[in-house]
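Both of the next two complexes hold chain A, though its partner changes from chain B to chain C.
For the complex of A and B:
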């Protein structure tokens, strides 16, 4: 998990595309997946993301995301399926529950929407440096730096938190804490795992905030920053793809 | 002596990166061993392998004759205590007493025995049970973490740079207490340290690790005179050893600060007498 949200260097078209255009592409795929009523288009968007991920050399990220989000989708699929009442009954279940064709369709689409919303964002972060995203949000969209910084720092913190959580688990395991105990034992594990993580996060945030302030965080303006992000031909191409995705999603 | 830890040709690698390369060693019961080496040499990895937190890619690790491969970490933790460099990852209790009491019931310790152990440990490590660990200094938090391990009555203590970030007073308090546990309770100590003075003062044996390989193992003073190994591991000997070596003294001739000071005073006096007579 720690590596999933990290930037992966490369020389593909998407690596050189404008950060906001990449963000727009990811959002278009997500929104398109939620707008469309067509199961086939959801599947097409998902396949587009998967093949795009492999083409970008991020097969490991794609597999890890599908594995992580796939488990959640499977759980939601199984949980919701017997409770959808509309449609033709395919399999009757005890307690008045049933599996219907509409239920299958609804749950399959829900799963594909979830996967289709996660994967593009992971891939977008894989081809975009967070500093570039922050700079572009500030320079092009005029978002105050502190807000753009908060968003990108929150994303940057996710893998750090995973590493920290791993270290805390290791430390508590070394104290004899069993992570695979009964339910009541698991409840008892909440303080030993959460308190050190919380303390470490608060300390880290305080240190980072102080360090940023001491390095002139509040002096930064919209025009600050050395890098410029002009739009080029590849950006126009990607924008066309975004428009096409949204158009098809609305039509279908 | 009875064997506590044995590593037989242990290797550990992540993908193609070899972190530990064919390390074999033996630590006997009651020994106080320092493990030194440059950053990234694999010292913490070696300790985690011994604790069973990670499993070796090759070779075997035996703790009191039982392979760590066959034991869960929680089982190993009954006899092995691991003190991390950062105590904050281990501490969570609202008070020191709560911190020390946590998990004793997991081990099957009765309430009375648990209370007795906690009180003994509090007294031994001179801790106030009602204070909150978060309100303590780094050195005190490190001692609370040590106490939370010692209350389990381990036979082996693995310490990962226990004196990092501590001032002189905190460092000496911490190390004196570890030494007392080793001396009085017979706990075997294997300690990672970059501080050669600490290694010299407290450990009887020293190992040096470099690029995942064990390059020196022997009496602390002898290892500190092994310039080649020390240089290879980016280490410098303790000041006293360097001074004794500079004065041409053999190992054991003037082993502590007092005898070295006496030697220097005698020779200085002798030199002054010679000068006066001539």
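For the complex of A and C:
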């Protein structure tokens, strides 16, 4: 997980696109996936995201996201499938449960929507510096800096939490805590893992807030950002793609 | 000018005084080393200079602290931060962005440094610490020493009149530590920056600092020029501070009547001492 949400340097068109346009593209793909009723369009959007990810040189991020979100999708697929009662029965199951054609379609679309919503956001963060996103939110949308900073800091903290969790697991394993075992043993492991994680995270956030304050966080103004984000031809192209995705999603 | 008059401070919920009747006067452009055992009050002293104590780390504060004309009680931490640049031991938790360049830009943007000056300051900070090649790197991909250099660069880019470093070279290799201290020395010479460094590497302090402050149980136990302070290795050991080995050796030789001169505080001076004894 660490690294998946981090910016990856590059020189592609999307790296040079306006941060908010990239955000809009990711949101368009997500929303388009949820609006459309067409399974084929969901599949097309997913394939677009996957191929886009590889074209951006982010194959590792794509694979890791598909692996992580794919497990969740598989779980949801399996859980929902026997409970959809409408449609033609394909496989009868015990206790009155069954697998229907409608169930298969519904669960497949649900999985693709979930994957289709996760991947564009991961890729957007891969081609957008969080500081650019913060500055653009402030300069273009007029969002107060402290709120924009909080949003991007929350995103920044996700991989940090995973690293902290890994450190806590390592430390507790070194002290003899056995991580493998029965379900009740795993339940018992929650306090020794979660308490240190919570403590270290709170401490880290406190130190981080202090560091920001010491470096003039509260003096920041709307026009303080150094970088400027003018719209260019690539932005217009991406905006056209966004409009096309949403239009097709509504039609289908 | 930094002036602390009878400053005492106890953290909220603690009866012990982290600082106990501290009186200090530091002139502009002075390079001061602060040393002492764990729990001596070094970090609290640095926090007092930056206004973190008592504004963020709350507790009972007595006395008066004035840093470059700013009263630390009436000035906010943001106001203080324009004057005092701080780098603390745990650099990782001081990062507020994800990229090296953004980390240096953060404070420059906050303080609304003129746009045409920002790239010059970023370039200079990066080149001063020999990390220009890390400019576009993600902070998470750096080693501990590289991260420390980035934190130092972020502080230096602001060109504050006071730089307060709290064991900020802890993860640097010896050569990089010397490089950072030499840079601080240069800043002091060129810009008259006041440098206050909490550091356990006493050889480094003795080579670069003008003055040593030894803290013990919240008090200033010894405050004086480096050489004068190091002339008392016994007292330093009592306070839990190691003297440079060459200084300790000179003290032993003096006890045995083999050497009568001034104690050396670096290898060059030790060599002169050894030649004198062998002659």
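In this section, the second predicted complex is superposed on the first by the 252 of 252 C-alpha atoms of A that agree within 3 Å, B and C clash if a C-alpha of one lies under 4 Å from a C-alpha of the other, contacts with A are read in each partner's own complex, and residues count from 1 in each chain.
Just so we're on the same page, a residue touches a chain if its C-beta (ideal position, glycine included) is under 8 Å from a C-beta of that chain, and two chains touch if they have at least 3 such contacts.
The shown structure was predicted, so the numbers you read here are calculated from the model rather than taken from an experiment.
By the document's definition of touching, neither partner reaches A:69: not chain B, not chain C.
In the superposition on chain A, A:199 contacts chain B only, with no contact to chain C.
Judged by the touch definition given at the top, the superposed model places A:174 against chain B, while chain C stays out of reach.
Partner contacting the larger number of chain A residues, of chain B and chain C: C. Look at A:191: by the touch rule set out above, it reaches chain B but stays clear of chain C. With both structures placed on the common chain, the touch criterion links A:226 to chain C but leaves chain B unconnected. Of the two partner chains placed by the overlay, only chain C lies in contact with A:159; chain B stays clear of it.
Looking at the shared chain after the overlay, A:44 reaches neither chain B nor chain C.
When the two complexes are overlaid on their common chain A, residue A:210 makes contact with chain C while staying clear of chain B.
Across the superposed pair, chain B and chain C both touch chain A at residues 203.
Remark: chain B residues 48, 51, 53, 72-74, 77-78, 81-82, 84, 86, 88-93, 102-103, 106-107, 134, 148-149, 152 touch chain A in the complex. For chain C in complex with chain A, the touching residues are 50, 52, 56, 76-78, 81-82, 86, 88, 90, 93-99, 102, 105-112, 115, 118, 136-138, 140, 154, 158. Looking at the complex, you find that chain A touches chain C at residues 2-3, 6-7, 9, 129-131, 153, 156, 159, 163, 203-204, 207-208, 210-221, 224-226. Listed in rising order, the residues of chain A touching chain B in the complex are 167-168, 170-178, 191-192, 194-196, 199-200, 203.
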